[in-house]
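Presented sequentially are two complexes of chain A, the first with chain B as partner and the second with chain C.
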Partner chain A sequence: MIEINDLGFSYGQNPVLKNISMKLEEGKIYGLLGENGVGKTTLLTLLCGLKKPQKGCIDIDGYNPYDRKPSFLANQYYLSDEVAAVNMKAIDYARNYGKFWEKFDMGKFLEIMKVFENDPEQKMNRMSCGQLKKTWISFALACNTRYIFMDEPTNGLDIPSKAQFRKAVTKYTSEDSTLVISTHQVRDLENIIDPIIILDRQDVLLNATVEEISEKLYFDYSNEKIEGALYSEMTPGGCVQVLINTGSEESKVNIEALFNTVHLHKELVKGMFAK
Partner chain B sequence: MDFNSNKSIYLQICDSICEKIMSGELGPDSRIPSVRDYGAEIGVNPNTVMRSYEKLTNDGIIYNKRGIGYFISPDAKDIVLQRSRKEFLEEEVPRIIKKMKLLGLVPSEIFS
Partner chain C sequence: MKTSETFSLSRFGEYFILDLRNCFAKVGLTTLVCGLVPLILLVMVAATNFAVGDPSVWIIENSVKDMVTAVTSIFYFLLIPISCYGLLTDKSAGSTSLMLPASHTEKYASMVINSMIILPLTFAALYFATDAALWAIFPQWYDDAVIVDIVKRTFRNSPTAVMTMLSSFFMPWMVSAVGLTGALLFKRGKGAKTFAVSAVSFILLVAVLGSIDIPSLYNKVNMHTVNVIWVVFQTVCAVLCLTYVYFRTKIIQY
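Moving on to the complex of A and B:
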């Protein structure tokens, strides 16, 4: 389990994270959402021990990530948004560097590469941006770590690869692994990420499962205008309206509409989901 | 799978399994994929699929053999058929009636 307590971080005079507190449970695929510059990447790099909290603390199964103990690092993987085009064949990279993660599985690496229709014999610096990204995703998942942090993993992936990514993430992570995926491409990951975390400038607006969200908020897709809707958005097929769920019916959560609703009604939503 | 309906995803997964039971594609005691395999197949979070399986189990449509997997109940088809008829009468029929009024159609023009 990850416990973040009153975490703060600034770049010089520019505060990015302030008073961030939340708990992340194991075996879940968290979606980390937020506008540009709210500190998603900063949070991920703090979680994996690349940065030192300036205030507050992070506890991951009793470890402080910034101590960078080998036994902690061997159990986590951070996949950055920008990945290196190494002058090596993908298979050689995996063979040489997989050793740093005790549960790295070469067979799994090759299997995921196959799912992505990627050639492991190709040199990584000769790959296209998307192919390179897919190689790194395959490597990250093949490390079989307890924690996987991914920053915008679907950036640069072509249309078929996005479905392959969803498949890889559900099939090749173990039941007790925790994934934290930051993304703007919510449509790519709509049915994959659950719980959903919405980060705002210096605050956590929401950290809730899809079940909790659909219990508390109702997403209406009919064409009838509803008085008192928290948010409404026109779409070619009608409109999406978000209301407070007064009944017991659960509707399909539209993450984009959710995001906009949360931003329009920060305090209200925070109060609704306060535990 | 195409998730176009406005129902929550876990209910849509239930519906899709029920449809396969009604069509006979999934017969009594046939095995359905594990939560993780099914999630991977349709690109959905395994926890969501788990919720669907829990609901179907509570409804008596599937059953769990510990350590082996999930199977279709012997009387699943009857349960699904009854439920679907009820849903059709309570939810779809009123919608059809509303649409017919809107279009100025009377039953005799449609049902002969």
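Moving on to the complex of A and C:
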């Protein structure tokens, strides 16, 4: 379990995260959404121990991530948005580095590489940006760690690769693993992320499961304009409108519309989902 | 069995071998080229002499060899830690290493052993072996092997021999420690900046020493004391640099 209490972080005079508190439960794939510069990457680097909280604390199964204890590091994997092009074949990298993660599974690494149509015998510094990213994603998932933090994993992936990514995450993530995936490209991760966290400047606007969201908000896909909709958007295929769910009706959550609704009605949505 | 959070020998062994392999992948070729500098020197001098001078009468004297050895060694000891560990301040490469499940002590020990012992020893062994081989094969063109020359000169001055040897022995450590500090202190232009700061510090040191009346000091203290002071100075420098590297790597953030 990840517990974040009153977390604060700033770059010089520029505060990025302020009084952030939340709990992340085990065995879930969290989608961390937010506009540019709201602190998604900062939050992920704080969670994995690459940065030290300036205020508040983070507790991951009793560990302070910044202590970077080997037993903590062996239970987590952080996939940065900027991945290194190592002068080594992918398979050799996996063989040499994988042994540091107790549960690393070479067979799984090769399987995921196959899903991605990536050649493990290729040198990583000769791979394209997308191929390199897919290699690192394969490695991250094959480590079988309890926590995986991925920063913009779908950046640089082509359209088939994004589908392969969704398939790999769904199929190869252990049941007790917690994934936190930060992204701008919500459509890439629709259907796999649940719960959804929406960060705003210095605040958490939403941290709720898809079920909770659909209980409280109704997503209407009809072409009729509805009075009192919190958000409405015309799309080439029709219209999507977000309303307060008064009648316990079920609807499919549209993450992009949800994101825009939350940003339009920050206080209302925060109040609705306050626990 | 619960493994140690601070130091586990088996984990250190695995990390050390991985780190060593990475170091040789990065600087193996440079080490080879630097180690073969005596051969490169001989070929260059021979080619020049055959081209423009009398090919029968020439020799690479020890004074020239000493200068080349000093320049090559300083270049190697100062810049090799930067090539191996300079990327630790880079987000993608540095965070990959930092997030590897090994303790800070293990990573630090591996870094120090590789950049201050293994790589310098490999270079020195290769360099002196090449030098000795050239001396044995071409004695007419190549003066005494550097190592033989050092021993000869040292023991000619027998009362201070051990201390003089020690002062030479500590020098590479200090330079490597300075190189390692430069690797972590500067974000960009690590090699040039480390070299520039070292050169300026050296000039300042010479200027300070120049202001002291050395001849009268020599009358008061003997050469042995001077060597002891030099060894202490080098050790203190190396310890300070390594302390900085320890804490810098412990608290590094990306």
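In the analysis below, the second predicted complex is superposed on the first by the 275 of 275 C-alpha atoms of A that agree within 3 Å, B and C clash if a C-alpha of one lies under 4 Å from a C-alpha of the other, contacts with A are read in each partner's own complex, and residues count from 1 in each chain.
FYI, contacts are C-beta pairs under 8 Å (C-beta built on N, C-alpha and C of every residue); 3 or more make two chains touch, one makes a residue touch a chain.
Because the structure is predicted, anything quoted here is derived from the model rather than measured.
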(message) Quick check on the chain A-based superposition: chain B and chain C, clash or fit?
(response) fit
(message) By the touch definition at the top of the document, which applies to A:F9: first (chain B), second (chain C), both, or neither?
(response) neither
(request) Could you say whether A:F109 touches chain B, chain C, both of them, or neither, answering first, second, both or neither? (result) neither
(message) With chain A as the corner point, what is the angle to chain B and chain C based on their C-alpha centres after superposing, as a multiple of 10 degrees?
(response) 150
(request) Report for A:V210: first if it touches chain B alone, second if chain C alone, otherwise both or neither. (result) first
(message) Looking at A:E250, would you say it contacts chain B, chain C, both, or neither? Reply first, second, both or neither.
(response) first
(message) A:K99 in the overlay: touching chain B, chain C, both, or neither? Say first, second, both or neither.
(response) second
(request) Examine A:F219 and indicate which partner it touches, taking first as chain B and second as chain C; both and neither are also allowed. (result) first
(message) After the superposition on A, what does A:I193 contact: first (chain B), second (chain C), both or neither?
(response) first
(request) After superposing the two complexes, find the smallest distance in angstrom between C-alpha atoms of chain B and C-alpha atoms of chain C. (result) 28
(request) Indicate the residue numbers of chain A shared between its chain B interface and its chain C interface, in ascending order. (result) none
(message) With touch defined as at the start, can you tell me which chain B residues reach chain A in the complex?
(response) 3, 5-12, 36-37, 39-48, 51
(message) Considering only the defined contacts, which chain C positions touch chain A in the complex?
(response) 3, 5, 8, 11, 14-15, 18, 21, 25, 91-93, 95-96, 98-104, 251, 253-254
(request) Would you tell me which residues of chain A are touching chain C in their complex? (result) 45, 48-52, 68-71, 73-74, 76-78, 80, 82-84, 87-88, 96-97, 99-101
(message) For the complex, give me every residue of chain A touching chain B.
(response) 27-29, 163, 166-168, 170-171, 175, 191-194, 209-211, 214, 219-221, 250-253
